[in-house]
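Across the two complexes that follow, chain A remains constant while its partner is chain B and subsequently chain C.
Take a look at the complex of A and B:
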C-alpha cells in the first residue's frame, strides 16, 4: 500500500467546488428560512392550545420527524409526478428539506416559547403592545436567545444534509465532488477537501446566526 | 367627575370569586392605597383595571369614559392614560434599561424617538439611574429594576399609575429607594392607586386607605381613621395585627 497525496491535482477544481458550496448554502439557507417561518407559525398554534389546528400540527410533526428525510424527498420527486406535479431536483430537495425542517423547528421553537416569562407578556400587554408587537419585541428575542444553540445545531445538520441532494442530481458540493472523483480518482484529496469546506461553511453559519439574532432581535447571544 | 370610577366590579379566577362587587372612586391627584391580607383581591383589582383579567360584571371609567374590556381599541385608549408597575418588575430581559423605557412610547405611541430618548434619560436620572442606561435587567439589583419599571410606566405619560406591591420582592435595604421614588410621584400630583404592605409608607403618602378582605372593600377612609380608629372589626383585627409587629 503506497499512496502519495496529491492535493495539487484537485486545486484547479476549487472554483468548481466553491460553486457547489454556493448551491449547498442556498439550499440550507432557503430551507431554514422556510422552515423557521412554518415552524414559528406551527409552534404558536400549538402553544395557543387550539384543539383542531394544534392536533393537525402534532400529526404533521410526528409524520415528518418519524420518517427519513430521503424518503420524504423521494415522495416529492418521484411520487408527485404521478399526480402531475413535477419539480426540478433542486426544487424537490428544497421543498422536502423545508417541510422536514419545519417539523423539527416547530418543536424547538415551541420549547422556547414556553420559556417566555408570563410577567414580560403581562408587561407587554399593559404597555399596549398588540400581538405582533409582542412577538417582535418580547417573544422572538427571548426565543432566539434560549433556542439559539438548538437552532444552530439544526441549521448545521441541514447544511450537512444538503449532501443528499446529490442523489437527485443536484450539483451541490458533494455532487460536484462525485463528478471530480469520477475523472481524477483522487478520492481522499477530494472528499477531505469537501469535508474541510463543510466545516468552514458551518463555522461561518454559526457566527452569522448569532449575528442575525443580535441584529434583528437584539437577542443577547454570544457570537462564539 | 372622578378620575377613576369603579362600580360593582366582579372578577373570578375559574369559579372562585376574587372581586365581589368593588365600588371605588378616585379623584384626580388623589392617592389611594389598598391594604388587606393576602388573597383579599388587591392585586386582582389592579389586574382587572389594567385589562389583564376581564371583569365578569361592573364597570371601570377613566375620566368619565367607560372601558370596554372586550374591545381592543377601548382598551388601547385606556392604556394611554393608565400604567401599572408590577411586584416582579416585569422588565424585558432582552432590552437594556433605556430601551425598556423607550420601547412602548416609540413603537406603540409612535412618538418621536429623539424626544422620547431625552425624556427617558431625564426620568431615569430622576429615579437615580442615569449611569445605568445601557445595563440589562439581570445586571441590576431588585430596587434598581423596580425603579426602571417605574420610569418605564412614567414614560408613557399616564394620568393614573397603579402600583402593585412594588416593594414586596425587594430586600429591606432596597425598599427605601423605591418608596422615595413613589413619594416623588405623589409630590407631582399624580393619581396613584397603590397596593402595599408597607404600612408606614401607606400612612404617610395616602389620602385615603381602603381595607380589602374577601374580594370586598370592607372599610375606606383617611389613614388616621383606618390605622387609628378603624370602624369594622375585621379592619381592627388586621390593623392591630400589623401594627402589633
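Take a look at the complex of A and C:
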C-alpha cells in the first residue's frame, strides 16, 4: 500500500463541483415540485374513491414503486427513441424522477389525507366553508403537518437519487466527479469529497425543511 | 416500429438470453438479501451502541451516530465508487460482485440501524422500569422484555427496506456487476431494441418486487403493529 492522498489536486476543481451541485439541486427541486403536483392530484383521486381512476392510480403507484428509477430512466432515454421520441439527458432524467417521485409522494400524501378526521370536515362545513376553503384552511394544513417528516425524507432520498443522472451524461455533482476522476485519476479523493458535499447538502436541506415545517405547519420534524 | 419490435420478441427470448436474465435476477435478489441480513446484524449492534446510557460507551455512541448520519446521506453510486477504487488502492483484489456485496452491506447497516433504534425506542420506558423493579439484569431486561416487544415493530420496516433496496441495487450495474440492469445493458449492446430489453427488465423487477412488497404489508398487518407505534422510515 503505497498510496498517498493528494486532496490538493482536487481543490482547483471545487468551483466546478459547486456548479454541478447547482444542477443536482435544480434537478431534485424541480422533480420534487413536479412530483408533489402530480402526487397531490393522484392522492385526491384515490381518496375520493372513483372506481376506475382510483384503480388506475393504484396501478401507476404499484408499477413505479416496484421498479428501479434507473431502469425507468433507461426506458425513457434509450427506449422511447425507438418510437421517435427523443429527450435530452437532463429532460429524460427530470421526467423519470418526476414520475417516480409522484408515485412515492402519492402514497405519502394519501396516508396523510386519511388522517384528516371526518369531524374536521363536518366542522368546516358547519362554518359555511366551500370546498376550496376547506381544502385551503382544513385539509392541507393538517396534511402537511402530518406528512412533513415523510416529505422531508423523500426529498433527501431524491437528492441522493439525482446522482444517477451522471449515468445519462448530465453534468451534475456526480457527473462532474466522474469527469474530474478521468482527468486527474485521484479517485478516492474526488469521490470522498463529493460524498462529503452530498452529506452537507442533505443536512442543510433537512434543517431547512424542519424549520419550514415548524414555521408554516407547526410540524415537529426531527433533525437527528 | 411496433411490428418490428414484436418480430424481435422470439429472437430475444432464446434459452440463452432467458438464462442470462434469470441468473442476473438471482444476483439482484441476493445483493439485496445479503445486504439486509448483514445490515440487520450490524445495524442491531450499532443501535445498541446508540441507545447505551453508560458514559464508557460515549465514544462508541458518537461513532455510531456519525456512521448512520453520514452513510444515509451519501448516494449509493458514490459509496460504490469509493469502495471500488478504495479496494484497488488497498491492493484488495476483489471482484466487482464482492465489492457490491460489501457496499450494499455497509449502506443497509446504516438504514437498518435507524429502523432498529426506532423500534427499540418505541417500547415504553415503564416496561424497563418494571423489569428493574423485579430485579432483572440488564441482559434479561433487554432479551426478555425489550426485544420481544420491539421485534414486531422492527421486522416489517426492515422487510420493506429490503424490498426498497432491491431497486437500489440496479446501480451496482455501474460497477460492472452482472445483475438485472447490467443484463439488460448487455442484451442492448448485442443489438436488441432498447425499448424491448429495458421494458423486459422493468417487468422482471416488478415480478420480483411486487409480491415481496405485498408480503411485507401482510407481515405488517399480521404482526399487528399499530400505525401509530410503527417507527418512521429512516431519513
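In the analysis below, the second predicted complex is superposed on the first by the 209 of 224 C-alpha atoms of A that agree within 3 Å, B and C clash if a C-alpha of one lies under 4 Å from a C-alpha of the other, contacts with A are read in each partner's own complex, and residues count from 1 in each chain.
Basically, contacts are C-beta pairs under 8 Å (C-beta built on N, C-alpha and C of every residue); 3 or more make two chains touch, one makes a residue touch a chain.
Since we're looking at a predicted model, the values are computed, not measured.
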Next item on the list: With the two complexes overlaid on their shared chain, look at chain A and say whether chain B and chain C clash or fit.
Entry: fit
Margin query: Which partner chains sit in contact with A:36 here, chain B, chain C, both or neither? Use first/second/both/neither.
Written below: neither
Margin query: Is A:147 touching anything from chain B or chain C once the two structures are fitted on A? First, second, both or neither.
Written below: neither
Next item on the list: Mind working out whether A:63 is in touch with chain B, chain C, both or neither, as first, second, both or neither?
Entry: second
Notebook entry, point to check: What angle, in steps of 10 degrees, lies at chain A between chain B and chain C when each chain is taken as its C-alpha centre?
Noted result: 110
Checklist line | Superposition-derived comparison: chain B or chain C, residues of chain A touched | finding: C
Note to self: Quick one: is A:94 in contact with chain B, with chain C, with both, or with neither? Answer first, second, both or neither.
What the structure shows: neither
Next item on the list: Mind working out whether A:117 is in touch with chain B, chain C, both or neither, as first, second, both or neither?
Entry: first
Item checked: Touched partner set for A:188, first chain B, second chain C, both or neither -> second
Check: When the two structures are overlaid on chain A, which partner does A:133 contact: first (chain B), second (chain C), both, or neither?
Finding: first
Item checked: Shortest span in Å between Cα atoms of chain B and of chain C, once chain A is used as the common reference -> 18
Notebook entry, point to check: Residue overlap on chain A between the chain B contact set and the chain C contact set?
Noted result: none
Check: How about chain B: which of its residues touch chain A in the complex?
Finding: 50-52, 72, 76, 79-80, 83-84, 86, 88-95, 99, 103-104, 107-109, 136, 152, 156
Item checked: Of chain A, residues touching chain B in the complex -> 117, 119-120, 122-130, 133, 137-138, 141-142, 145, 217-220
Check: Which part of chain A faces chain C closely enough to touch in the complex?
Finding: 1, 3, 62-63, 65-72, 74-75, 78-84, 149-150, 152-153, 156, 160-164, 166-167, 174, 177, 187-188, 191-192, 194-195, 198-199, 202-203, 206, 224
Check: Which of the residues in chain C end up touching chain A in this complex?
Finding: 1, 5, 65, 69-70, 73-79, 81-82, 85-86, 89-91, 166-168, 170-171, 173-174, 180-181, 184, 188, 193-196, 198-199, 201-202, 205-206, 209-210, 213, 232-235
